[in-house]
Every structure is written in C-alpha cells, then in structure tokens.
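The first chain written gets the first letter, and so on, giving A, B, C, D and E; residue counts start at 1 in each chain.
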C-alpha cells in the first residue's frame, strides 16, 4: 500500500472573531486510505473540510496538495485538482431531476462546459457517469424524480452521489450517513470500503460503527484542537477520547 | 428538439404564422405595421432580459442601459449624413456593447441578489444621467438619426429600412434569431452550468465550475442582444433619447417578462404582446388608462401563478 | 374631402408630473374650437387624445399613430421638450400641421424648424431674455443663476445671461442641478453665503414650489430678490402660499392682464370648466384659435395642406395675452410682461419686452 | 375522558398527484412516548407535517387532547402545547442563538414554565459560548441542540422530534435521550422519528412502523420485541 | 468653502439625511426586515402627503389631519396586505415586483381622479412656523428642526423594536422561514399583516411630515422610491442602524456634491452605492 502523502495541512487555523474553530492543526492524509475525522459537535470538523476544499480561507496555516501549496485558491480550482466534497447540510439542485444533479457534477470531467451550442444531452459519457453514481448510492429508482420531491434521507444519498459523479481523487465527506436509514448506511459503508481502494477519503461521521469499520487512520478533534491521530484501536483506547467524545459507548447504543 | 414543451411549440407556431402574415393585410406605412415592429423589437429586448433574470438568475434593473446604448452607439459611430452598411455596423455596435457589458459585468457580478439589482440599476442610471446631461449627445432632447443604413450583403440588397414592412420583417428575423440563440444556449452544456449556478451557486462552485465566468459570459450575451434590440428601436423612428435607458424602461421589460412567465423565453414574447396590447387598448379607451392597466396587472399576478405561459401550459400540457 | 370631419390629434401628458399642464392645454384647445364652431363652415371636429406621460420614448410611436392611423389634420402637442423632439422626428416635413402648445425647446423653431410646425407658446429664450434688462434696471449687478441641467433650464439661464452681461451685469455663479432633483436647501445656503444682489432661476411645477418654499424657509425672501422665468409662479402660487410674495418673473402672459380678450376668455373658461385658466390653457386655446381661424379663412376646405400652412403663417391671433403673429420660424412674436407676486397673484408691473421675436438661431425658413 | 393525547385517524396526504399517506391511523396516550420508524422516503416526515397542518392532508382527522384539531391553522395547533423539531433544523439565518430561544419562549397554556433559557443553557452548555452567533453559523450538531432547545422553551405537552439526533456526537446523543427521558417523566409526551432502534426501544412505550405511507406495525415495546423480525425487515436493519 | 459654510452645509446634509431615513423607514421595515419587495412604497408616501393636504384643507388643523391620515394609511396597509400581498408569500419574489408595479399604476391614477393633477402645498403648522437665526442672512425654520427630531425618534423606536424586542425577532424570523415561525405557535399571518401595515403607515407619515417642506405633485412617489432603496441597500438589508447611517451618509454626500459639483450630484449617490457594494457586497452593516 502506498504511503504517499497526498494532502497535508500545516498549522491550519480558522478563527471567527474570538471563536477559535480550528487551531494549529497539522495533519497528513495518505493516498488510497480512508482517514476518519471525529470529535464532539463544534470541534471544527466541518471547518477543516471546508478549508481542505477551498470554500473557506484559513486564518493562518497552509494546505499542500501533492506538494503544491493551495490554500487561498478559488474553490473551483480545488475541484480541478481532484478534491471533491459532500456537504453536511444537504446542498443539491432541488428543482431538477436527480440525474441532472449528477450530470452537472459529471460534465466537467468529460467535456468543455463553455460550449454554447452542443446539446447538454448529447454526451453519453456524462449521462452514464451520472447514472452510475446514482446506482452506487442506491437511487436507481429515483433517477428521473425531481430532487425536491425525494425524502430527506434520499437527498442525503443524492448528496453523496454528486461527489461520486465528479470522480475526484480525494473525497471529503461530511457526515454522509447522517439522515440515512440502516439499509442505506450499510450500503454506503460497503461502497466506501470499495472506493478506498482507488481513492483517498476523508470521512467525518458520528456513526461510530461506520468509522471504526472503515478508517485506516483516525483523527480526533476537540474544541478546535488536535487530540490524537492513529489507528482505530489506538484511538479507541485513548482515555481522553472516551471522555471527550465517545462516552460509555457500549452501554447505551452504537446501533 | 430545443423546444421541449408542447405549449411552447404550439404558441410559437401560431405566433410566427400570424407574424409572417400581418403585413400582407396592412398598408406599408400603416401605423399598425410600425406598432407591430415596435412590439417585436421589445420582445427581443424582453427575451434577452428573461434569459438573464429567469434562467441565469441575474435579476437586473439596469438592462435598459444596453437598450439605450445600442441606439446611442449607432449615432456616435456612424457619420451623420452617410448611409452605412447595416450588418457591418450592427456587428460593430454589438461588439462595443459586448465590451461594455464585459466591463460592467466584472463590476456588478461581484454582488448578488438585491445588491445586484441595485448595482445594475445604479450603473444604468449613471449612464442615463451621462447622456441626459451631455450637450454633445443631445441631453434630454435626444438625438436624431438622419440617414437609415443600407442593408446590402455582397452587393445584394433586398431590404430597404425606409420601408416599414421591410423593417418589420427585419425585426421578426431578430425575434427568431434571438429565440433560437437563447434556446440553443440554454440547452447546451454551458446552459446546464448556467442553470446550475442559478439554482445553487455554492454547490456549483464546489463542483469545480467558475460560476463568475459563466455568469459573465451570459451577462455579455444578454446585454449584447439587448443592444441589438435597442439599435433596431433607434433605427425604427430614427430617434434616441436618454429615457430609453431609465430604470423604468428596465422595470417595464421586467414586468413584461414576469407577466409572460419568468424564464420561459417564449413567455417574453407573450408578455410583451399582452402588455403592449393592453396598454394600447386602455389608452384608447380612457384617460384613466393607468387605473385599468394597474388593475389588469394586479389581477393577472393574482390569478396566474407562473405568468401567462404557465397558464397556457396548464391548459395544454398533458 | 368636404364632409369629412377635421381630425385634431392631441398628444399631451395626462398622467405623470406634467399632467396638469396637459389637461389645461387640452381644455383651452377645446374651448377655442367650441367658441368658433360657427366659423368652421360646417366642418365637424374630431379629437383623438393620447397620453404622452411626458415620456420621450413613446413619442414617435404616438405621433405615428396620429399621423398614419388616425390621419389627423392637425396635431397638438406636447408639453415636454424631450417629447417634442420625438414628435418632430416623425412629423417634420409632413403635410399635417403640428402645433406646439408649450414645449419651449429652441430647436423646434430653430435648427429643426419646418413649414408644418408652429408654436403658440414660447421659446425658452423668450421669457428669460428680457429679465436681464429688468435686473439691470433694478440696479442688480451681481446675480446668482440657478436651474436644472436640461434643455429649457440651460436655455433660460443662457438667455438671461445674454442680455444681463451685455448690459454690464455679472453672473457670480451659475448652477445647473440635475433634472428633476428638488434638493435645493444646500443651494439656498450657498446663495445666502454668496450674498448676490439677486437670484435668477428657471424651475417649473413641483420644483418651482419646492425652490420658492426653501428660499423662504431659509429666510432669504425679502433679503435677496428672486427673479425667474415666469413658470416659477405659474399654477403654483396656491401651493407656494406666502413664500412666493415678491417674486418677480417674466412671461408672455399674466392672469390679470388688462386685455379685453383676456377677461372674456377667463370668464368663458371658468363657465366651461369651473375654474380659471392658467398660461397652459391660454397656449392651448391659441392653438385652437389658430386652427379655427385657418379653417375659417379657407372656408372649411383644408384638403390643400400647402394652403393651410400659408394661411396659418399669416394669422394674427387674438390671444388673451394680447395679439400675436408668427415669426418666420413659426414662433409667436409676443410681449413679455414683468410680473410680481402680490397677495398670491402675478401682478403685471410693466412690459419687459414688446413684440419680442425669438432669434430662431439655425432656422433656414 | 379518554386518556388519548394525540390520535390520528385515516390520514391521506398527497403531494400533487403522488399519494404518500394511505389511511394512516395511530394513537398516543398522555405521558407516553412513541417512536415512528421507517426507511427513507416512507412518509414519516409527511406524517408529522400532516399532524401539524404544515402539509394539509386530503382527508382524515387529527385529535389532540380529545379535540378535533384538523381544521385549525398550524399555529393554533402548536398553541395547544405542541413543539416541533423539524428535519433539517429550521434555523433562522438572521437571528442569533439567544434570539432563537427568546423568540420562541412562552409558558404552556396553563402558564407553566418548566423550561426556560437558563435550563436550556445547563442542558446544552455548548450553546452558552455561541449566544451571539447567528443560528446558521453554528456547527451541524450545535444547530440541532438549538432546535431542540427552541422547542423545549415553548413548554410543550407533546414534543415532536424529526431526526433530532442526526449529526450529534455520541455523548450528546446520549444526553438527548436522557433529556427526553426526563421530560417524559415530567409528563411530557414525545413522538420521535429516529434511526436508532435500540435507543427508541428503551425510551418509547409505543412504536409505529410505516411502510409506503401505511402503518406496518403498531405496538408496545414488548410487542416490538416479539415481532422484531417483521419490523427489522421493514426497516431492513 | 469657508468653515462656516461647511458647517451650514453639514447641517443641511444631516437634515436631508434624516428626512431620507424617514422616507425610507417604512421600506426598511417592509423590504429590509420582512423581505417584501414593495415598489409601491413611494405611492404610500404620496398617499400620506395628499391625505394630509386634503384634510388640512377640510379641517384646517395639521395635527388632526396628520393623525387622520396616518390611521387611514394603517387601514390601507391592512387591506393591501390581506387582499394582495399575502397571496404571494410562497411565490417567486419577482411576483411582488409585478404586483406592486400594478399598484403604482392604480395609486397614480387614483390620485389624479380623486385629487386632480394640480400641485399643492401644505402650510407649516402655526405652532412650528417660526425660525431661528442661523447665519448672517439666513435663518433655520423650526419645522425642519422638529422634523429632524421626529426622524430620530422614529429611527430609535424602529431600531429598538426590531432588534431588541421579541416582536422584532419574530418579524425577522418570519423573513427567514415563515413555516418554522408558525410551527412555533405564532400567528405569523396576522403578525405580518400588522407589520406591513405599520410599514405603510410609516411611509405615509413621512409623506405627512414632508408635506409642509415639499411640493405635493403627481409622480412624487416615484421620485423618492429609488433613493429609499439605495438607502436600505447601502446600509445592508435588514439593518435599521445601517439604513440610518446610510441615509445620513447619502444626505451629507449628496448635499456636498450638490454644491461642489452640481451637475454630478444625481449620480453621486449611485457612485457612492457602487463603491460601498464593491467594498462590502452586502452593505455597510451586513451580518
């Protein structure tokens, strides 16, 4: 397995006024691995992803992608480098079909989008990629349904399908399983297991089963600071993590 | 098929058949040929606005800037007493307008929503005052165009702009070309991203598209079409006036396009005809035509959820 | 052909800022034709009225409607100079006679003059030019001039300046505000600071009211005399109230003008419409008289448009403002009166200029 | 007087032409806690919205505390002491955290004020530090806490929670379950839509499973245990 | 410009700014806070001015007329919201543009039918008709000082209600998510009716207060409309503070522009707005 570092942060910080959402975080993400990120609510996980994909500018610190310093670039340039992300709060095109949602995502890979004349339906590759992504997350039956008319959980599935359709090298996933039912979650876990053979994935989740099952590396953030990074077992047995995040896990739940 | 909806096809078929025939039943310099020409020209303007507002999501109240500019540019760039070639100068003027739109676009597209509305309004008002206050450009009196351009292509001349019927067909051609152009663009791959940027800009950017570029290009296209409409309008009566650029002009066009059914493009034609038709009717009916006009607008907005096109679609789809 | 009604197209603002002016003009016009009904040799009169809203953009279209659709024999309009230009573009050189019952744009009887275009009102130059002399006579040496930066505003100040500086006066400051801004207070403060011998101004309608009120509110009334082109106090006196007392203006008419025709006209107008007429009604009335007299002299046959024009050119109109004739450029040659507001009335002080003819610069007629 | 707090009878709800709820009926007794389960898209949210009148049902009745509230506007139904934590949290983008709680706070219809600003702060200390932030500036989990807090300060007799623990960290999720358990003890009923069967099983007295807009299972925790297989296939656990 | 004149103009500018705020206050509420695109705002201002003129002519008392007019405007606001605006809340915002432009037509036409097209003026009420000495040869009218105070009072009240009271929070929340507010047990429908009506009343009150200083003419509504929007937008949507500061800035800047470069002075507020929006795309006081 490759040990190449594909994405790296160096003393990354984000402050909102007095709030230190993220403070001095240095992390390394390896190629073809699934890197889990967990932590209590407000720990700064989404903030971290937002900076990794360029939608937020760091207050200080650097981000390196394959050795290039990329923080401060426009978000769409991040995508061109193969960094794709899903949103914690569903962020889809509500007024068009699921297929079109994914087609927008897929189009950039195959054809020039500044073509004013060629019909958007003409490219088969785009359509196939979009359909494939929808099937991957289990929305086969909803391909032609308008996104506003599918249920919340299904929208979460669509959210993920859209990232898949962009076919990035690095997937940044912000709680993809939130709002999904068991069957769907299970399906996503399988899918991610498969995908991490070819992609690098950064996964933020509160679903511990999923995280423990999938993560090669696991980072815990707490209150904007970096608590620990290690393998699942290392992290699981770390008392500070139990106290700050997991609680007495086996007792109540972990369904 | 670039016209996806049945309603759209039916309406456009009827519209073009009737429009082609109108002059056959009227004398050359009949007022109605002129009136119909004005409506066609306005329809081009309103379609270009509908494209920007309804499809690109750029709600502008400064579109009339380009409408007025089309006319003023003609007066400015052509020699006063010489008939120039229409096609060459039309290209020339659209080129300059595109440049202006590029510069304006770079400024205004930094804002969005209501702020975009206001900043476009501000820029068009500034242009309005510029022409209103300037002695060289005729101030509030406006300027006359003394020579209509000639229209030969490679020495062939089949259009005479002094002939109202010919001018009518030129305007009808403009409607057709604008309609097709907008429809093709909307269906294109470019159109897909433009649509996506309207529906959810944040996501579109996160999918790797530089939405600023897409919006800017769309803005330039819409503005250039408006300038062409403005050029035709100025040529029809040979007259330009700063009032063509006021926000009221933009506002009226916006009313027409909303009335017709925002974002439907063909609805813009429908809205223009309806608005102008109602105004003509009420004006000749009563001195208090504004009361009826206002009442009609209010009634329509309350009764029609998605404008006239929406209503037609309810009747005709499935 | 005989038997066909005479069609009079009316293009005036019936809505918007100039609506009152438009209505007055139309009422005057109709009154004239009604009074003259007996002299029309049986011709029926038909009016076609279109609302210009004082918006230039629709002017050519409306003019085309009157010309081509309704085939009007006479077209009366407009109030606003911008609209006038749009109409002129359409009507210039045509057979149909156009009579302007208000708009003062110099171009209409200047560079763009045309045989078929007449004006029964004024050129912007006319009411202001004599005021320069008036100011000098009153002993004012330094005058502050202020108006809107648009056709009539500029032309009015220029006309005043022309005669005032020719006689040795000095314009200490010439301010052109954007039309139709009415934010005058700061300028009134500037005037107080400059402390000129007098102020000359052109404003009309709502702006006139606001300016006179601001001038008074800031305490300048009675300290620095206010002169103006007559529109400053036309149709606005009631709204201005006491603030207008003492304002001196030049105009080709005054309500109390001691001319028999004026008294007659005022009563007739009041009987017809229930209120007394203003300058705009007079101008419309004279447009009506011009038409009626022409029809009368041609014995009801107006089919020969050349004849119509040459007849009209030679008319002497017995106007409530006093008799006037048309200049070569078809602008009235008329007296301009110096008026001063006393107890809410424009009282004539003197004739500021007799039989004043617009220089018609640029007209080749 | 019957003991029923909320009773739903033969609800039929449509979105446009698509028929989502089919003759849906169930009943929740006073002081009880009920779970509503089902896979994605089965109509759980639609059921809740129909009860509250946010999406008007085509036919059917909703009774609250013995009275038919089917024809009341949403706000009047809520005024009978119902609180709602919507799916997606329903934050106001122009209100601060503090204002979210202030604007919603009110005593129940008997004037009782068990839940107030301070109590929410003790329950969710995390929010304390974010009082002057806008609702939409919070992290996902913080928003969820705020949405629950906002519902609590209306001092409801019935709390309706739609995926209220989505995006919450395990510790906080436990806290929420604890809170729900406590409020239940104080006599507040709850109607909960959630994914967490285990937790629901412990917490709720009754369970309803919907499949394609129809009640597939309706019973107590014991009955649930007995029919576990049927339920689990329906939920495809 | 001498220092004295500078201060004189500064006062003029502030006073103009206060008046602008007053005229825009209703719009700040209806558009800025509630998010309703009411282009007929200017018409409400016009209605206020005409009503007070009419009642002064009938009753002779400015105070009585002012109160009567304000009450009528409130009623008008309720009717408009109930009959028209309310039907459009869950539609595209642009439908509001269409509706309110239709209303402009109707109001202009009613004005002409009911009150004719003559320009009118209202005399300054006797109690406030004096003036205080100002510079060497000018004085400052008491009424304008009074008007300035009214503007400040309204600004303060509006700011307090919108940002500090529960009512204000509910109004703002309604702009953000009506459904959710209703789901909290609030009768958002009636609340919005009342608040809209208060917005209309504020517009009318500004017309009433302005009547003795300005001219009452057809089209007066449209002439202030854009300036009001400029004020609200410069300040930042929904911010009363912003609108207040925006109005004062616009007042002062356009006053100085008017004397220093008169021909440019109509453009200046647009230039100012463009500059503000380029630096702060959401207005001065955007959150």
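Rule of thumb we're sticking to: a contact is a pair of C-beta atoms (placed from the backbone, for glycine too) under 8 Å apart; a residue touches a chain by one contact, two chains touch by 3 or more.
Computed from a predicted structure; not experimentally measured.
Separation of chain B from chain D in touch steps, taking the shortest path, is 2. The chains that touch chain A as well as chain C are B.
Minimum number of contact steps separating chain A from chain E: 2.
Of all chains, the one whose CA centroid is most distant from that of chain D is C. Annotation: C-E is the more contact-rich of the chain pairs A-B and C-E, by number of C-beta pairs in contact. Put simply, the C-alpha centre of chain B and that of chain C have 37 angstrom between them.
Chain D and chain E have centres, each the mean of its CA atoms, that are 43 Å apart. Note on chain placement: the centre of chain B and the centre of chain E lie 33 Å apart, centres being C-alpha means.
Rounded to whole angstrom, the centroid-to-centroid distance between chain A and chain D, based on C-alpha atoms, equals 29 Å. Shared interface positions of chain E, defined as residues touching 2 or more other chains, are 108-109, 112, 263, 266-267. Across the assembly, chain B contributes 129, 133, 290 as residues in contact with two or more other chains.
Contacts between chains, counted with the stated touch criterion, involve the pairs A-B, A-D, B-C, B-E, C-E, D-E.
For chain A in complex with chain B, the residues that touch the partner chain are 53, 55, 74-76, 78-80, 84-85, 87, 91-96, 100, 103-105, 107-108, 111-121, 123, 162, 166.
Interface residues of chain A, counted against chain D in their complex, comprise 16, 19, 38-47, 88-90, 149-154, 156-157, 175, 178-184, 206, 208, 244-247, 249, 252-255. In the complex of the two chains, the chain B residues touching chain E come out as 53, 59, 107, 110-112, 114-115, 118-119, 121-123, 125-126, 129-130, 133, 247-248, 251, 254-255, 258-259, 262, 288, 290-291, 293-298, 300-302, 305. Remark: chain C residues 14-17, 19-20, 23, 149, 175-178, 180-183, 185-190, 192-193, 195, 205-210, 213-214, 217-220, 223-224, 235-236, 238-242 touch chain E in the complex.
Within the complex formed with chain A, the residues of chain D that make contact are 15, 18, 38-42, 45, 87-88, 126, 129-130, 133, 137-142, 144-145, 163, 166-174, 177, 195-199, 235-237.
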